[in-house]
Amino acid sequence: MNGRVLIETCEKMVVPKIGIVDTMFARYDMAKDVITVFEEFTGRITYERYTVPGIKDLPVAALKLIEERGCDLVIALGMPGPKTYDKMSAQVASTMIGQCQLMTRKHVIEVFVHEDEGKDDRHLKAIMKDRATKHAYNAIYLLLDPSWLTKRAGQGIRQGHEDAGPVNA
Amino acid sequence: MNGRVLIETCEKMVVPKIGIVDTMFARYDMAKDVITVFEEFTGRITYERYTVPGIKDLPVAALKLIEERGCDLVIALGMPGPKTYDKMSAQVASTMIGQCQLMTRKHVIEVFVHEDEGKDDRHLKAIMKDRATKHAYNAIYLLLDPSWLTKRAGQGIRQGHEDAGPVNA
Amino acid sequence: MNGRVLIETCEKMVVPKIGIVDTMFARYDMAKDVITVFEEFTGRITYERYTVPGIKDLPVAALKLIEERGCDLVIALGMPGPKTYDKMSAQVASTMIGQCQLMTRKHVIEVFVHEDEGKDDRHLKAIMKDRATKHAYNAIYLLLDPSWLTKRAGQGIRQGHEDAGPVNA
Amino acid sequence: MNGRVLIETCEKMVVPKIGIVDTMFARYDMAKDVITVFEEFTGRITYERYTVPGIKDLPVAALKLIEERGCDLVIALGMPGPKTYDKMSAQVASTMIGQCQLMTRKHVIEVFVHEDEGKDDRHLKAIMKDRATKHAYNAIYLLLDPSWLTKRAGQGIRQGHEDAGPVNA
Amino acid sequence: MNGRVLIETCEKMVVPKIGIVDTMFARYDMAKDVITVFEEFTGRITYERYTVPGIKDLPVAALKLIEERGCDLVIALGMPGPKTYDKMSAQVASTMIGQCQLMTRKHVIEVFVHEDEGKDDRHLKAIMKDRATKHAYNAIYLLLDPSWLTKRAGQGIRQGHEDAGPVNA
């Protein structure tokens, strides 16, 4: 192992790298919100972005970020359209994102907002911003402090909407 | 093989380890009920817990518990929401949990309670508690005494609800 | 190759082993009917049974019977419930049973009876008994005399119901 | 490489082998029509047939024909029934036939006729005969003269029904 | 490494090869539009075409173009029909195209136009032409200048229809 590889290996052990994959299809740039969160953690994580046409192109992009560019986790941002075949595309994309995770043993956090989740453009944007931001934190805690998630287990935590909270019983 | 590895190997042969994966999304902490059962079997099994944001994050978490932390079986706890895309997420999660099992040759017992299975929060909690508890026993018997299950084959055994019982014919 | 392995290898060549996987969830014990058929073929086949909680646990059980216990074919017995998420579970189970077959290059004959196929318990039991019995024969012929099936190709053969017969044209 | 292997290798290079998998469930023997076409090409192709109970048994049979019996392409003949769970079975079978193709890098031409495509038995038989016959030719051209297909690309070619033809615009 | 292999390796590094897979089923020849775009980039990319009967035959054709003929990316052109089982076929084809991408770590850009997306033949042709042309450019930019896509991330870019544009909020 030469010096440079050693340094890269060490850096990697202390500074995980998160991949961001997103699409031209989505009608709001969620990657910006994700990056805003990641910039808070400068020095503790690094990140790399890869944009594809639509959601069915995301899984292999996530795989490439993990295998070819050394990412330890990927955030996959997408906005499925409202029609039946958009829903079918989302199902295929989700299935393959799942497969990518099993192949790599790495988390790929799916941040999908269905266009028809929003009552109007303002609402849609608010959901997308909130979901992307909260999942950016989830990604960081999964890598840096997984106990943060266990403390919140079974508490009805939501992204894109207010927390549902635990059962009232 | 050094001494420590030998000891760990021996322990593993006699004391299986069960993984618990659960989510922040669920509105009730089923892991507590699972752990209550597991504590009854102290010395005969050990366990380890891993919490993720939502159900689509469960399969790779289960895989990591099996491959990276030596679990012999995993219980996957989740509460799919009531909307169509929640159901789609549940389908993807179940498919990938199935794939994880085939990759590892280990059981991953899926304990999913759909939020709309409950008439209200009280009912939902009761289903979740019952299903988690009963599957915790199923997991233990699969590892320690599989004949326990064969004796109950075809008897309409249920988790989360009362047993349906065998056909009345 | 030592003597014992040689003997086991020879036995295996002449006496195939069939696995039976079934569930506690089902409301009728189809394995009994399968075993009744298999007992007719004592000396020509052997069998082994493995019971799991529900249908989504069947695929990895089938895989384990093939890979860890040397089965040449598996019969997978299950009774999906009548609700939408029962149907989703059946779909996942069937997909993974398919995957298991491709991984092992062995047939896993799926004997699923949907609970709502039966008008009442008596009818349900009759379907389950008939389907299990006929598929037990199919399994045996696939192993011992595959030409038996080719002679019946395209003839509208059914299990659980009367044969539909060939097109009347 | 001994003489016999060399001869077999040479034969295989010039005479591709096509597998036929079919079911006892189907109500018409499509394999006969496929074989009629194949007999026209005696000396240029060979074929082998394998019959299974139902469509979910087809994918592993196709895999076995390719891997264990040296087929270069397989035609998979099936007739899904009209009920919802028949459709679910067809979906699983198609998915696994797709998986089989990706595993083997060989085409498996799916010739499925849904029983409810036919208005009556006579119509159903006509569809089955036409689809099987035309796909038998497709299989042969894929192996012997793939440019035949490219000449017909985007022309609305159909099997089982009359050609739809190219867009009228 | 001999001279010819070296030359081929060098060419490949500077001149990526794009595969085109299409069907006889589709009612418009989208490959022509794709090739028109590719001809603009002569010397910077090369391409190869492979035609199959229907969309379920596309995934293995894409895989063969990548693995056996050295393509770096594939465009998969298809037109699913309007009936329920056409939609099922499209879902299987998309899933397997996803699987092909994960196996090869290469993009396979899916250009599917559902026949019922068009109000009439003229509209259908316009959608097919537009979608094929735009995805041909997407394919080229993914290979030659991926930053082109990142500049357009989250902008509601469409193929086959006018751009939806970013959220108006």
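Read from first to last, the chains carry the letters A, B, C, D and E; within each, the first residue is number 1.
In the analysis below, a residue touches a chain if its C-beta (ideal position, glycine included) is under 8 Å from a C-beta of that chain, and two chains touch if they have at least 3 such contacts.
These numbers were taken from a predicted model, which means no experiment stands behind them.
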| item | value |
| --- | --- |
| Common touching chains of chain D and chain B | C |
| Distance from chain B to chain A - Cα centre to Cα centre, in angstrom | 25 |
| Interchain centroid distance [CA atoms averaged], chain C/chain E, Å | 41 |
| Where chain E touches two or more other chains, by residue | 91, 95, 99 |
| Chain order around the ring, beginning at chain A and proceeding next to chain E | A, E, D, C, B |
| Residues on chain A engaged by chain B in the complex (per definition of touch) | 87, 90-91, 94-95, 97-99, 101-102, 105-110, 114, 135, 138, 142, 146, 149-150, 152-159, 164-169 |
| Partner chain D, residues of chain E touching it in the complex | 22-32, 49-53, 56-57, 59-61, 63-64, 67-68, 84-85, 88-89, 91-93, 95-96, 99-100, 103, 120-122, 124-125, 128 |
